[in-house]
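Chain nomenclature is as follows: A, B, C and D, assigned in order of appearance, with residue numbering initiated at 1 for each chain independently.
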Amino acid sequence: MEQILANGVYLGSQYAMIALGLTLIFALMNVLNFAHGQMYVIGGFVTYTFYGQWGVPFVLALVMSCVTLAILGALIERYLFAPVIKGSAREESTMLLAAGIAFFLDAVILLVFGEKQRGVPKIIDGVFNYDFKLIMPYDRILICFLAILSIVAFIGLMQYTKTGRALRALAQDRTAAQLMGVNVDRYSMIGFALGAMLAGLVGGLLVTITGVNLGMGGPTSIKAFMMVMIGGAGVISGAIWGGIILGFMEAIGLALLYQYGDITYLLIFVSLMIFLAIRPQGLMGKPWG
Amino acid sequence: MKRRSLMKSALTAVAFTSLMASTALAENTVLKIGFVGVTSGPAASWGISNQRSMEARAAWINETGGYKIGDVTYDIEIVSFDDQKDPKRAIAGMEKMAQEGIHYVVGPNVDDGAAAVRPVAESNGIMYFPYAFPKSLYEAPASNAVLGMVANYQSGPAIYKYLMAEKGVKTVAFVAANESDPLSQRTGGIEAATALGMEVVSDNVTYQVDTTDFTPVLTPVMRAQPDLLVLSGVSPANAPQLIRSARELGFQGVISTETAQDAGVLAEGAGDLANGFISVGGASTPELSSPMMVEFVERYTKMFGEYNDESNTKVYALEYILETLKADPSAITDVDAFKTTMDTFEAPNPYMNGDAKLRYVGMSSFGQRRQVSVPLVVNVYQNGAFETLFVAEVD
Amino acid sequence: MGFSGKQLMGVGIFLFVIFIGVPLIIAATGRWDFYYTLTSVALLAIASAGVWLTFYIGRINIGQGAFALIGAYVSAILVVKAGWSFWISLPAAGLFAALVAILIGLPILRLRGVYFAMITLVLTQVATLTALALPITNGAKGISSIPLPSGVSIFGIPLIPDFSSMENTKLAFYITACILMIVTYAALYRLVNSRLGHLCRSMQQNEELASSIGVNISYIRIVIFAISSFFGGIGGAMFGSIAQSVYPSSFQVADSVNFMLNCFLGGLGYVFGPMLGTLVLYFGWDLLFEFGKYQMLIYSTILILLIRFLPNGLLSLSIGKGDKK
Amino acid sequence: MSPLIQVKNVTKKYGGLTANNDISFDVAENEILSVIGPNGAGKSTLFKMISSFVPTTSGEVLYRGERISNLKPHIVARKGVVRTFQETTIFKSMTVRESVVVAQHLRAKASLAGYFWGSKAAKEDVDAFGKYADELLEFLGMSPISNEQASNLPQGSLRALGIAIGLATDPKVLLLDEPFAGMNHDETMQMVDLVRSVRDERGVTVMLVEHDMPAVMNISDRIVVLNFGEKIAEGTPSEIQNNEKVIEAYLGSVDDEIGM
């Protein structure tokens, strides 16, 4: 039982971080960023290169991941998403663009970082073992703690800084934000960069535990979509809840349903569909037309 | 409007160049060997290790003056097609090979692709060497597929038998990804273990292919306290994570798999926790590698920057094709001649020390010789490299 | 509902190209592999037509892979286990997919926007996992060695020849796929330009207003989703028959996403958009085959440039309407 | 003669909030009845309940003695009670004529399949729809803009388009949602004439929700006044103008009620 709880908190905190960036981008620009998972993978590879290959301190490598992804996100928004949103008759067209970018980043990752699974040296060794009832390696506890810290920092940023307030205004109502004097183009770019940066940060954090390979991108995006749906699209608190709920569902499902092995995920998916059918806007989202 | 016409012409240009390129006439002395497999996306590692070992070997042959079959000396050209692990694309790839006049193709890498290309291969007279285990691909009436490695239902029993005798292993647990290939391999492994009299204590835990954290997956398996944990059909990307999670959960027993792994990946992903991990590989451990294997690894590393131990197994298919053609030059265009030659073919194995032979096997598994005889080299991972545990033969 | 001379000529040229032009070109250039590529394009275009139709009622459908998989399995099971003729199993596969769509559509079609998109995406995974778990689908082993379509004759007059006795099934599959595609798009065109199409369009633009003028929106949504999935089932079944095998991974999330991309690329405002989109996306990938390891990079770069400069789809090039913004 | 529409003890609660509380009134055939009230008085909610866009919490709405509340909107529309929306709710990328043709959905005689195969009845329908659309647009004075795309229309024409779409369904009762909002005096007077002619020449009973007092006083046969979800008065315009409760309600809220 303790183990399930611990696994749930650990999975939930990392999932929530992945979902945060995605939902932020969605809230600001109504873009479902199919390339989110690829950004996460790039974040992992950047940290791998700096920390694992070149021996740069881990924290610095993390910063490099964030910076790389923030720049990448800003460029993508400025030169691809912004013009396409302006020029297309239906805003869903951005999905094609996002998918194209996902393919592109996948190709770049393959060419630059190769096809192999990569991992970095452990940041701390040792396993916390409480009478075999609760087993958790120390590095996981640290990463979990860092993830929660980042989430808190992000919420703080959104709540108490000028940028955060502008972003929230933008997410609420684009036109109104413009009337209030928010530089919509600029803050869209900042928001997108921030979302991409979050993906890079979580990629960098998790590379210490899960390692990284080029195949993780697509599935990560899909998982992030599910979390966002559970919580409600475009709602920050929803993404956090969605991440925690999916984390716990996996932890509980795997612990209790293991003897039915093959159908654990089937059940998770089906219950997700039923949940959304009953509550179409997720836990705390607004219906979207 | 200007921009549009520009784009139109650019597109047309791209389309044309590629058309031209593909219809360019081949020189007489070029022998094309095909590869259809996955070289992008999550499973890219499987296909890339394949493709690169073929390309490295071909470059080596061409550099040293070509390959003599009968009276003609050929340059080897590898034609690769990325099927993106999609059986629909794999068919397209096989069609492309037929189009290029290729009769010998390595791949596909997975079960569904191997099954899907069968009609095309058979109707176009193509021998193909898949890395997929379903027996129906190799048993009559199928006759164009040749298993390119040792199947898990062949290596599994050998490993289990060894572990029972040497390590006193009595109970076993299986975990597999929830996907066709690993699940089929799990079934095969369970059958083999039961037949040997092992007690299977956990056989129904699966994980999603995209899992990144295996602790919750493995927790219930660990509760069954097996002596041996088998990672059925595990992909090289997942293996280190699984090992690490199992060890961190306090697992003391043996961990093994029947697929090829890469030592570098294990070292990075699991470090010392991977010590003692048993997997199946080719002949690149120092004890077994012939000078030719050593040179191959060198050339591969020079060409692509980094070696992949999965290529130890995958280097063989091309060698088999070329050696068999050498034994019967008429097989270059006639796969029926190839099939006849397969029954009697034998040549020294250049990659392995000792007197190992290249020949086609599979009589006991498939009822016909439709498998390359790769040495069944069982490796154990120890401090960053593989050591040979034992070598066996498949019949 | 008359056709202008220009339209008729267009259709005539199109049919000529497909049934006479392509075979002639292939025979002349010897590119026999294009038959399979074009067959794939035709079949994928059928499934994409279904996705396009759900777009037409304002729903982003990333679940077509599920219905294609269902269709492929239904046909395979009927042929292999029940011994049906493939030609009867084909419509049965479509109908079964449509039936599943009705059952699933009842709850989920109330969802809109990204929520519907995501739930259909999950649906694709559910289909794959179900196929892995069920006994009738043979689980992980899949169904292989499916016999080729048999011949059909009525009163001794052969209507469809026996595929297994053919020297070369490529042409036969190509023609079958093209006929199916043409029927699909003719039906789609007809549907979109009939009252049902107008009602769909009204729903796409405003569901509330549509229901205020008496449109039974939930009924039409179900009908459209069922038709859409019927197309998916047909496309999937046909593919299973060409590959002579079906696996849980025969159609997966990537396929669902591709079906959707085909529609976007061709243009959501044009009935024939998905057909063109499929041709460009699928055939384009094949043509870039020569670039080896740069194939994906070039492919995705072209894709990004296309959407960057033609955000309303390829067909907005030739049709002036797209110029407004 | 029994009333055409009876609103009987209708109540709507959203969570703890009461939007409408126990409201009853009748609408007679061929009448123009306005529902007025300060902001937040519950006018729109009442309208949505009559057209079944939202269910009632309790009470019911009858049309010719038949319950029309708590059904689906399209069923209510089929019975002949049709609502219009404010100007943003239109078929944006259809032309005016296309919108009016589509809106004749309920008048179709051929089945959907019949349309698909091009049956005779379908062809007759298509002709009839076109003819009726032209006639209707002429009646509404919209013929000059019949081929304009809806998204390009000015606000006043959008309002008229909304009414045209509503009328095209051949309703017995038309519920108009703030038809005069945002219009200047001249435009309002034109719209008043139009609404009146809809009733006079096409025999359609009209209910409207409106802020614009002068227009309401001008157009209405009778007026129902809501305040804080309750009905506080009902009567002819002159009765309402002199009703103390109404004056109080409006004076009390004069701060936030602009342009009444």
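The criterion applied here is as follows: a contact is a pair of C-beta atoms (placed from the backbone, for glycine too) under 8 Å apart; a residue touches a chain by one contact, two chains touch by 3 or more.
Note that the structure is a prediction, hence the values are computed from the model and not measured.
The chains in contact with subunit A and with subunit C alike are B.
Farthest chain from subunit A (centres taken as the mean of C-alpha atoms): D. With B-C and C-D as the two chain pairs, more C-beta contacts join B-C.
Work out the mean CA point of subunit A and of subunit B, and you get 34 Å between them.
Averaging Cα coordinates per chain places subunit C and subunit D 43 Å apart. Between subunit A and subunit D the centroid-to-centroid distance comes to 47 Å (mean Cα coordinates, whole Å). Shown for subunit B are the residues in touch with two or more other chains, namely 39-40, 178, 183. Across the assembly, subunit C contributes residues 129, 132, 254, 293, 296 that each touch 2 or more other chains. Looking at subunit A, residues 106-107, 110, 218, 222, 262, 265 sit in touch with two or more other chains. Applying the touch definition to every pair of chains gives A-B, A-C, B-C, C-D.
Those residues of subunit C whose C-beta lies close enough to touch subunit D in the complex are 1, 187, 190-191, 194-196, 198-199, 201-202, 205-206, 208-209, 211-218, 223.
Put simply, subunit A touches subunit C in their complex at residues 26, 32, 34, 80, 83-84, 86-90, 92-93, 95-97, 99-101, 103-104, 106-108, 110-111, 218, 222, 225-226, 228-229, 233, 262-263, 265-266, 269-270, 272-274, 276-278, 280-282, 287-289.
Subunit C makes touch with subunit B in their complex at residues 29-33, 35-37, 40, 129, 132, 139-142, 144-145, 148, 168-169, 239, 242-245, 247-250, 254-255, 286-293, 295-296, 298, 302, 305-306, 309-310, 317.
Put simply, subunit A touches subunit B in their complex at residues 3-4, 7, 10-11, 14, 52, 106-107, 110, 114-122, 127, 129, 132, 135, 137, 140, 206, 209-211, 213-216, 218-220, 222-223, 250-251, 254-255, 258-262, 264-265. Residues of subunit C that touch subunit A in their complex: 55, 60, 107-108, 110-115, 117-119, 121-123, 125-126, 129-130, 132-133, 253-254, 257, 260-261, 264-265, 268-269, 293-294, 296-297, 299-301, 303-304, 307-308, 311-313, 322, 325.
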